[in-house]
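Pasting the structures in now, so scroll down.
What follows is a pair of complexes built around subunit A, which joins subunit B in one and subunit C in the other.
What follows is the complex of A and B.
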């Protein structure tokens, strides 16, 4: 089979030894790559995940590319990282872009699996077949940006790409991420903390080989067509304004979270809009390898934060901006830079600081708790100081925020759990809870926790296909279909910004076949997506996940939105229960959210059926 | 007063070179008729921003919000506009890389 390298690297960090594993054709067909390979290997390598402390040497850290990485496929250069998450305690997963995946595949590897824990800080160098664990003592403590530069200098070649953790990952901050090429992150689930727990500072890779594809001419023709479609209207929004275009659209829809999700609009939205940002702050627009869209908008701050540079997308902008009451693009640009260089996820960071600001304004947290920080909504200084301390686990405030919003609210108590906006411990992204209700169902049932990337279910809400201020039993099927399709997208792995250019799942299957030479239909690839989703769910069931975990936070049910445009919107509990039932029914799971044996067997998952499945 | 408030976001701001405007509408006018009228004002084919050459709604590209509710683009010719309505023309929601 082509496309795949056909092998992966296994690194035992405890013993400092490496070995090689093979990718069999059946694995490729059943699990595609990326998310699928991650679900399969995490399930297999952690047979009793409930017993594994995510920050212990017993956890594994798994990196996979997909079959498209390193080929000319449109926006197909992505890699994914997996582990039991220290933030959520369940299936942990994140995807990043840039050049890293292409370089990795060109070095002749599909992935790398880390086990154990190194005694001293190390980084992994992959230079085609030459792999080596190298001493990282001199770079331990450095920011992600410094780390990239120092490793390239040490290896004497700028063409190495580096994925690393910053001081937050080293300190095992539960929101810590992994950064490659400065601005691209494996953001969510605290996988940077798992790297830190293993004393693994970075992975540096250089690849010089061609990635072979099964039908080069057919692939060139198809990719030319897809790239042409990428210049059409479906992707214009990404090319011009990037995802920050969402700020004003969400504001008009009443689904822009502000003041820790107390509201769905922001009175200063114009000041932090994508339109304003493009005019005043964007200095550069860049693309990942093989992407004809180029969505990444790099900002340069002015005035108080002159010299600050960071890549600001919608999620970072909304959560570090309106969700914290911040109206300064300069401060937001600085906030993203702090998160990126010290190494935490901007989504979780903006969410947990927003929660802490609400606690402070309600008197639940005092200046004694915040080590003197006047943690009020709208304070640029408070936001930046809270972020810095969180990344460094500095003082009482830093230590508290570094735990993530679920744990922090459990520590603080006093009713603050009621407005900790998360699901399964993962902080909610910047899609309002009550004014996009299909989206909320999709977030809440996701395998990763509150997740905007696993089903795209907000799309029916914002296209006027359903009443977005209500739920009903039609929504389960929407989320189910979206999850299966997105599991395919995340396994190939392609950028979701291209989803509008594919006319059907048959086209995704065609792309797979052109690259790999393996026969695949649209129906088969969707079935693979369903299989992948179920394996990840089975992992979660082993971690204790059931129906009780598939709910949005209390604010969704208890605090009607005050904003004019969606006044009074709130999720009705009986409607939610009905929608959740309908989702489980589509999935072939029990009313308690456990996959039925017969469904697992139908998907060829006999071991999962035996270990996790229940009778109807 | 048969006027509606038109709010413009993203590229629609560029087309009209403003954030908002008030426009007069005929009683019982449809959204499609308003788009056609606006096309004449801006000297551009605004309809094509919402409806493709094949007649299919371009939901991946654009959206229309009337009084906070998203209009199904396959129904722009049926959707009647009332005086005082607040209409937003915007690019569709983007996200999820």
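What follows is the complex of A and C.
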């Protein structure tokens, strides 16, 4: 089989030893790559995940590319990282892009699996077949951007691509991420903290090998066509304003979270819109390797924060902006820079700071708790100071926020759990809870916790294909289909912004076959997506996840939206139950959310059927 | 061909976003493989804002040719540099003398390679595949005219907005 390198690296950090594993054809066909490989290997390597402390040496840290990386495939240079999440305690993963995955494949590897814990700080260098754990003592403590520069300098070649953690990951902040090429992140689930717990500062990779594909002529021709489609209307939003175009769209629909999800509109939305940003702050639009779309809008701040440069997307913008009541693009650009360089996920960061601001305004947190920070909505200084302290775990406030919103609200108590906006411990992304209800179902059942990237179920709401202010039993199928398709996209791995350019799942299967030479149909590949999703769910069931965990936070049911456009919108409990039942039914799971043996066997998952599956 | 009629590949830094599709395509067009480290055109990214793809400029009286002690490099009338692999011994003097860094040592062959403007395809494939039209295959005269046009457009817009 082509496309795959056919082998992966195993690194035992405790002993400082490496070895090589093989990728078999059956693994490729059943699990595709990326998410699929991650689900398979995480399930296999942590047979009793409930017993594993995510920040202990017993956790594993797994990196996978997919078959498309390093080929010319449209927006296909992505890699994914997996571990039991220290933030959620369940299946943790995140995907990043840039050039890293291309270099990785070109070096002759599909992935790398880390076990154990290094005694001293190290980084892994991969230079084709030459792999080495190197001393990272001199870079420990540095920001992600400094780390990239220092490693390139040390290795004497700037064509090394580096993925690293910042001081937040080193300190095991539960929101810590992994950054490559400055602006690209494995953002969610706190996987940077897992790296930190293993004393692993970075992975630096340089590849010089040809990446072999089954049908190069056919592939290059097909890519020409796909790349041409990427200049059409399906991706226009991403090309022109980038994802920040969503600010005004969502504001108009009453689904732009503001003031810690107390509202669905923001009175200063214009000031932080994608349109405004393009006019006043965007200095350059850049692309990941192999991407014909180019969505990454790099901002340069002015005035108080002159000289600050960061890449600002919708999620970062909405959560660090409106969700914290912030109306200054300069401050938001600075906030993103703090998160990116010190190394935390902007989504979780904006969410937890928003929660803390609401606590402060309600008197639940006092100035004593915040070490003197006037933590009010709309205060630029408070936001930036809170972020800095969170990343460095500095003082009472920093330590509290570094736990993530679920743990922080449990520590604080006093009813603050009621407005901690998360699911399964993962902070809710910037899609309103009550005015996009299919989306909310999708978020709540996701394998990763509150997650907009696992089913895209917000699309039917935003596009007006369903009544977004209520739920019914038609929604289960929408989420189910979306999840299976997205599992394929995340396994290939290809950027979701290309989803509008593929006319069918058959075209994704065709791409897979052109690259790998393995025959695949649209139906088969969606089946693989369903299999992958079920393996990840089985891992979660082993961690204790059941129906009780598949609900949105209390605010969704208890606090009707005050905004005029969606006044009174709230999720009705009985409608939610009905929609959740319909989802389980589509999935072939029990009413308690456990996969049925029958379903697992049908997907060829006999071990999961035995270990996790239940009878109907 | 008169040198003023020579077309070269030019890159607009405002449009180039560093996607490297030109590099992937070039490795395929030149050698039938996918490997950006074998590309004749290279994307330079200087953080945080600058991206530019560079390839052979078809210089007049090129330094790379002068530097070669074995006369392995010659220039065709249309400006394309030709490397005689039988003569090249990989000493790399030409690599050092090219002011743009676009004469490269091949990773496997240890012979130098220079962009041949996809003569066998009839048109540079990097230009054809560039998704943002950052790459253009034009004479320097055309390139200059485009720049003038752009400057005038900006000027007119600014005047109109006053």
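Everything below uses one rule, namely that the second predicted complex is superposed on the first by the 616 of 616 C-alpha atoms of A that agree within 3 Å, B and C clash if a C-alpha of one lies under 4 Å from a C-alpha of the other, contacts with A are read in each partner's own complex, and residues count from 1 in each chain.
Assume a contact is a pair of C-beta atoms (placed from the backbone, for glycine too) under 8 Å apart; a residue touches a chain by one contact, two chains touch by 3 or more.
Everything numeric here is computed off the predicted structure, so don't read it as measured data.
Within the superposed three-chain model, A:211 lies in touch with subunit C and out of touch with subunit B [touch as defined at top].
In the superposition on chain A, A:565 makes contact with subunit B only, not with subunit C. In the superposed model, A:97 makes contact with subunit B only, not with subunit C.
In the superposed model, A:452 lies in contact with subunit B only, and not with subunit C.
When the two structures are aligned on the shared chain, A:434 is found in touch with neither subunit B nor subunit C. Taken together, the two structures place no residue of subunit A in contact with subunit B in one case and with subunit C in the other. Taken in their complex, subunit A has these residues touching subunit B: 97, 233-234, 236-238, 240-241, 243, 245-246, 248-250, 252-254, 270, 274-275, 295, 313-315, 452-453, 456, 458-459, 461-465, 468, 495-497, 500, 564-566.
Residues 70-72, 99, 102, 106, 159, 182, 207-213, 216, 220, 224, 227, 230-231, 283-294, 298, 300, 309 of subunit A are the ones touching subunit C in the complex. Contacts from subunit B toward subunit A in the complex involve residues 7, 9-11, 13, 19, 49, 58-63, 65, 67-73, 88, 90-97. On the side of subunit C, the complex with subunit A involves touching residues 17-21, 24-25, 27-28, 32-38, 47-51, 107, 129, 131-132.
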